[in-house]
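There are two complexes below, and they share chain A, which is joined by chain B in the first and by chain C in the second.
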Partner chain A sequence: MFDSTDWKVADRRIGILFIIPFALAALVFMVYPVAEAVRLAFYEHNPLRPEASHFVGLENFRTIYDDPLFWKSFQQATIWTACSIVLQTVIGVALALLLHLPLRGISLFRGLLLFPYIVPTVVIALVLQWMLNAEIGVVNWSLKSAGLIDENIYWLATPNMAMISTIMLNVWKYTPFVTICVLARLQTIPLELYDAAKVDGAGTLRRFIDITLPQLAEVLTVVVIFRTIWTFNKFEEIYLLTKGGPGTSTFNLAIYSFEQSVASLKMGVGAATGVVMMFLLFTGSLIYMRVFKFAEEETA
Partner chain B sequence: MNPVALARQALAYVMLLLVTFVICFPLLWALSTSFKLPQDVMASPPTLIPREVTIANYRNLITGKEQYFHGVGKGYVPSTAAPQHFTSWFTNSVVVSLGSTLISIVISTLAAYSITRFRYWGRRIIPYFSLLGYMIPSIILVFPMFLVMAEFRLTDSLWSLTFGYVSITLPFCMWLLWAFFRGIPIELEEAAMMDGASRLRVFVDIVLPSALPGIIAAAIFSLIVSWNDYLFARVFINSIEQLPLTVGVMHFFEGVHVDWGLMMASAVLMTLPMALLFMLMQKHLVAGFGAGAVKG
Partner chain C sequence: MQKKSEGIKPAITRRQFLSDIAVLGAGAATGAGFTLPAWAQTKSTKTGTVRVWGEPGPYGGVAVDAMNEWAKQFAPDLTFKLETLSWDGVYVKLMTDLAAKNPAHCISVESPIAYQLMAEQLLEPLDDVVQKVGKNRLVDGVKWEYWGAWQGKQYVLPAHHQPHLLVVRMDVVKELGLGDPDKWDWNDLRNAAKTISEKKKDMAGISLALGRNLCTDYHFAALLHSAGGSMFDPANKFQVVFDSPETVEALEYVKSLQPYMPKGAVSYSFLEVVDSIVTGRAAISFYWGRPYGRAAEENKPVFANLESFNHARHPKTGRRSNWNDFQGWCIPRSNNAYIEEVKAALAYYQTSPEWLVRYCHSLMPNVSPVYKDVLNDPRMQTHPFFQTKKDTIMNYYVNSLPHSSSTGNELLKGISPLAGIVHGRSILAQTVQKVVVDGWKSADAAKWGAKELEQIRKDNLRLLGGVV
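And then the complex of A and B:
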């Protein structure tokens, strides 16, 4: 036997000791930057002249409120996010259903799914710029040879096409995320449910609507909320493909914030945009946690 | 098998092949372009199999052959970011990815053990705090972090990137490992301690081996995130030789003439380490997805 009081005191010390590095790192790398981002939103801060930084109250928020580009970016971010999420969800679920089929060699295809996730955004952006090149890109060449188009499409140089191109990149890279989550859930649906429905004479579509969809509702809610939050705030997926252009036609809030901080040297305005983004994000997260809690209580 | 079922199966395979094509084609195309001669890169019609295979693009990147671009009004000028920096960019990427992953894993492993095995005030909020932490996009963290780094005179160094990436990787390593440690049964540890083993012994001999799959999954995700980052490097680093790959290769767009062969070769080399990791560690990646901790 061991001396329990001594042991517990020493033990507790180890527990505290183990959490200290995280506590420090969290303060320096997570809490402080966020606090600093919020503070900056109320300051005029030029990174080239940090000594001239001064408090301006709500001035930065007024600046973005009065800036048509901010609202344009907001609107474009919403369109971009909505299109991406709808496509990712629809394709993601369809793909999960396909990969759920009991076919030979299906695990090979399932394994392949994670590939887009590991490809650096820079790489897919570079390759897409090459493939979508208006004059010598393989995409225009294929479409032309197939007789689908007569004129070259300027994928990255016209506003609507640029928006579509960035959505394509996003859907390519992140649909697998939806598929993997849905596939994991599909595998836990009891087969008896389907057998019973088959006995009742329900067709494939009926069974999908009556059994599969309700079973997937929970995981889909979680996935859609997560993806919406992350997609709305994406920077690299757009910036590396179009730099927010042509003009400002693919700006979202992240790019707006970046341009304010880097190109216009108005870090305060950039930070204020960041605060707006965080506000939207926390609202989304609260909704998520509500759903999550709700789901936990139901399964408990 | 009846004809209807057979037709359905055939259709399923056709769709699977289509999906495979969409997933694989961009990288296949990059691979194909990277092995082509300059005149074949631009050739119409384009071919998937190079007419003549050349490794010149890769050789230029690896040996750092100086590239000349047609400068505006100045005749030929050497690019400021020619491939001679490629190998140092590659090394930089390796160093900062491994560095930030090591830091995040050590810190979050200790912390995950602590919050799942000890009782003290505040331990319950840590996982949720981390969850919120990893929802915060890099664009919000990057400028304040830049000011912090400037304060410590670390900007334009690999240290700033290593620490910068910790701010992204730490929260989700924490969340993933917390979920993982929670699932490790405590009985074995208790039995060992009854037998007189110390807490540290138990941690090293019993807990760490059982947590290894979770630690590997967290490490892979952390490596992927740091390897793929563009934004932090773009903001933190000025000197061309201190850049990681992601920001470095974007410099190949400089000049009037874009060398697509060279560009695609660097895209392939940039994907290679992650692709290898992916093939070796696929099982663990899926385990990580299972724990619900994926940043994307």
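And then the complex of A and C:
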């Protein structure tokens, strides 16, 4: 017979066994690429001439620091991320509140809500390109037919509208993620809290501010952190929809990094941009969690 | 307009013609009356798939069919397979696959990118294939180096030459009394575009690409060269000469045309420009021969009234520079197990007038013949477009050649291996967009472009090798 110590050792071994595949995958697909990107950030590396690769210290970081396009991309990435996150959060919470209502057939709407999230981005971006085509797109045609506009709107051909269009795509696609997370949390808020507030005379708005929002704070903190990281790093939506244009009006740092790496074959500069993005997001996330005291509450 | 086009009805349709010639070609090229020289009869026992890259269009498929015909006879276990790359994606795809050491075994690419690849020493020299194809076959007005020669070696074999010209809706021009487009200078062209925009409802005067893409690079380069400007000076160690009055003038000219373009032109690339012409939303454009095939199938009234001319003259220089792709075949040398087989297959199809005529016929008049015997082959004129569009076809095939230019061989003054990198980063398009999108002054945009070009030159001095 085994004694309790044997069981513990066996348990631990089985646990380690289960972790090994993930750890290996993480090493190969996460740790190694990140480490390689950090290493490359200190090298001049042209992929067509790998033999000429050499250490350049902080030169790549100096290059991006001196490049006005980097700063423009950073500014636009911040605007694109901030607008997307605010809209996703507001609309996501509103939709979650609606879907939390005990209405007949509401589960059907909850299912439909996931549609934008599960359709591949490349499909959506290409379809949207046609829909938003100023001259033959269905969006302008519909708006004109409804008498809402007289002149075509150039959704992707003017800098401001292109930025708005990419934000719209991001909001449409990822709001369901916010909604699902918030809805899950809404369903666990004890109803007694609302009953007690009603007895005390609190109206709908007061109950939302004093009960619902505080109860959602934690989940919103997590959702906003994840959405910020994912949105700030987003590449494919903008690249597929506008390729960063017109001009460079929808460049973000991911597209800047891609352009440096692939178009200019400056892998080191592209990698340095990635390292800066990683640093920015890591620092931002720490500050955000500290401001919302998320970490302390978790520990407590 | 509809009635007019119905009256022109050719004896056979383009589609029917292509279908007929495919059958004839297959029979003709299987060997009947076509004796192979000894060098082309070397057998190969290699197996596998030979990957061939080509731009969108049926002609790449014709070339690969010819290569497969060679394989059927001399390398029965080999299959040539075409992979089509989109125009705007060609540079990225090429560079990433080359960097990953996994390029196709044979590449059809435009000359500026080919020049970069050969200077990077990534290509196999093809002088032996040139000897087999015939050194003296080229049409008048071109040289082998236009497709890709560097430091005394030929690295690229001609596929076709392909200029963009001034594409004009003649019914509109005649209706508004705008004169003969062949005699226009820059001012006449602008006046024509203005008049059309003002007088024709729902029609833009001119459609050019102004997006951040290759098409904009190619449109702007023609104007820059007509004005007498350049990016680099090959006679002076490829010094950057872009910050010049000529660049400013070309930018100002684009800006002055913009009010007469579709408003969406700032995001236009190749496809959108073709669309605007074929659907009748624009009356004038700079374009290669591609709209004719589409218009013949999708919009016959437009096809009936479309003609192409050499570009409008620059008022001072008198130049009518176009952009000519000088598209060629090249063979990446690293990790390529099929170099000899590709050379033999290329030589086989390049020495077969049947296949070369079919190649040109597959998208008339987009791909122009490069060999005299093919240009003068009686079979060439059997294409139905020759019945109604002979002048336009000859403008693309022959009359455009004295005005050839490209960024890789600016004003035909010397091969520059830097142009491919310029296009990879869309420097010309970005310069144009600084003016038409961001509202910069043309002089400032020219300075910005020059600074970017200087950086490219500095980063790639090694490509200039013995020149610098």
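Please note the rule applied: the second predicted complex is superposed on the first by the 257 of 300 C-alpha atoms of A that agree within 3 Å, B and C clash if a C-alpha of one lies under 4 Å from a C-alpha of the other, contacts with A are read in each partner's own complex, and residues count from 1 in each chain.
As a working rule, a contact is a pair of C-beta atoms (placed from the backbone, for glycine too) under 8 Å apart; a residue touches a chain by one contact, two chains touch by 3 or more.
Predicted, not measured: the structure shown is a model, and the values here were computed from it.
*Asks:* Considering only touches as defined above, state whether A:Y154 meets chain B (first), chain C (second), both or neither.
*Replies:* Once the two structures are laid over each other on A, A:Y154 reaches chain C alone.
*Asks:* Tell me the contact category for A:V262 with respect to chain B and chain C: first, second, both or neither.
*Replies:* After superposing on A, A:V262 lies in contact with both chain B and chain C.
*Asks:* So, A:F208: does it touch chain B (first), chain C (second), both, or neither?
*Replies:* After superposing on A, A:F208 lies clear of both chain B and chain C.
*Asks:* Considering only touches as defined above, state whether A:Y194 meets chain B (first), chain C (second), both or neither.
*Replies:* neither
*Asks:* In the overlay, answer first, second, both or neither for which of chain B and chain C A:I19 touches.
*Replies:* first
*Asks:* In the superposed arrangement, does chain B or chain C reach more residues of chain A?
*Replies:* Tallying touched residues of chain A, the top partner is B.
*Asks:* Which of the two partners, first being chain B and second being chain C, lies in contact with A:Y43: first, second, both, or neither?
*Replies:* Neither partner.
*Asks:* One more residue to check, A:K243. First (chain B), second (chain C), both or neither?
*Replies:* After superposition on chain A, A:K243 lies in contact with chain C alone.
*Asks:* Overlap the chain B and chain C contact sets on chain A and report the shared residues.
*Replies:* Residues 47, 262 of chain A touch both chain B and chain C.
*Asks:* Inside the complex, what are the residues of chain A that reach chain B?
*Replies:* Residues 2, 10-12, 14-16, 18-19, 21-22, 25-26, 28-30, 32-34, 36-37, 40, 47, 50, 95, 98-99, 101, 103, 106, 109, 111-124, 126-128, 130-131, 136, 138, 141, 145, 172-174, 177, 180-181, 184, 227, 229-230, 233-236, 239-240, 254, 257-258, 261-262, 267, 270-271, 274, 277-278, 281-282, 285, 289 of chain A touch chain B in their complex.
*Asks:* Can you name the residues of chain A that touch chain C in the complex?
*Replies:* 47-49, 133-135, 152, 154, 156-159, 242-249, 259, 262-266
*Asks:* Considering only the defined contacts, which chain C positions touch chain A in the complex?
*Replies:* 91-92, 95-96, 98-100, 120, 122, 211-213, 262-267, 281, 421, 424-426, 430, 433-434, 437-438, 459
*Asks:* Can you tell me which positions in chain B touch chain A when the two form their complex?
*Replies:* Chain B residues touching chain A: 9, 12-13, 15-16, 19-20, 22-24, 26-27, 29-30, 33, 42, 44-46, 103, 106-108, 110-111, 113-115, 117-118, 120, 123, 126, 128-129, 131-133, 135-141, 143-148, 150, 163, 166-167, 170-171, 174, 193, 196, 199-200, 224, 227-228, 230-231, 235, 245-246, 249-250, 260, 263-264, 267, 270-271, 274-275, 277-278, 282, 285-286, 289-290, 294-296.
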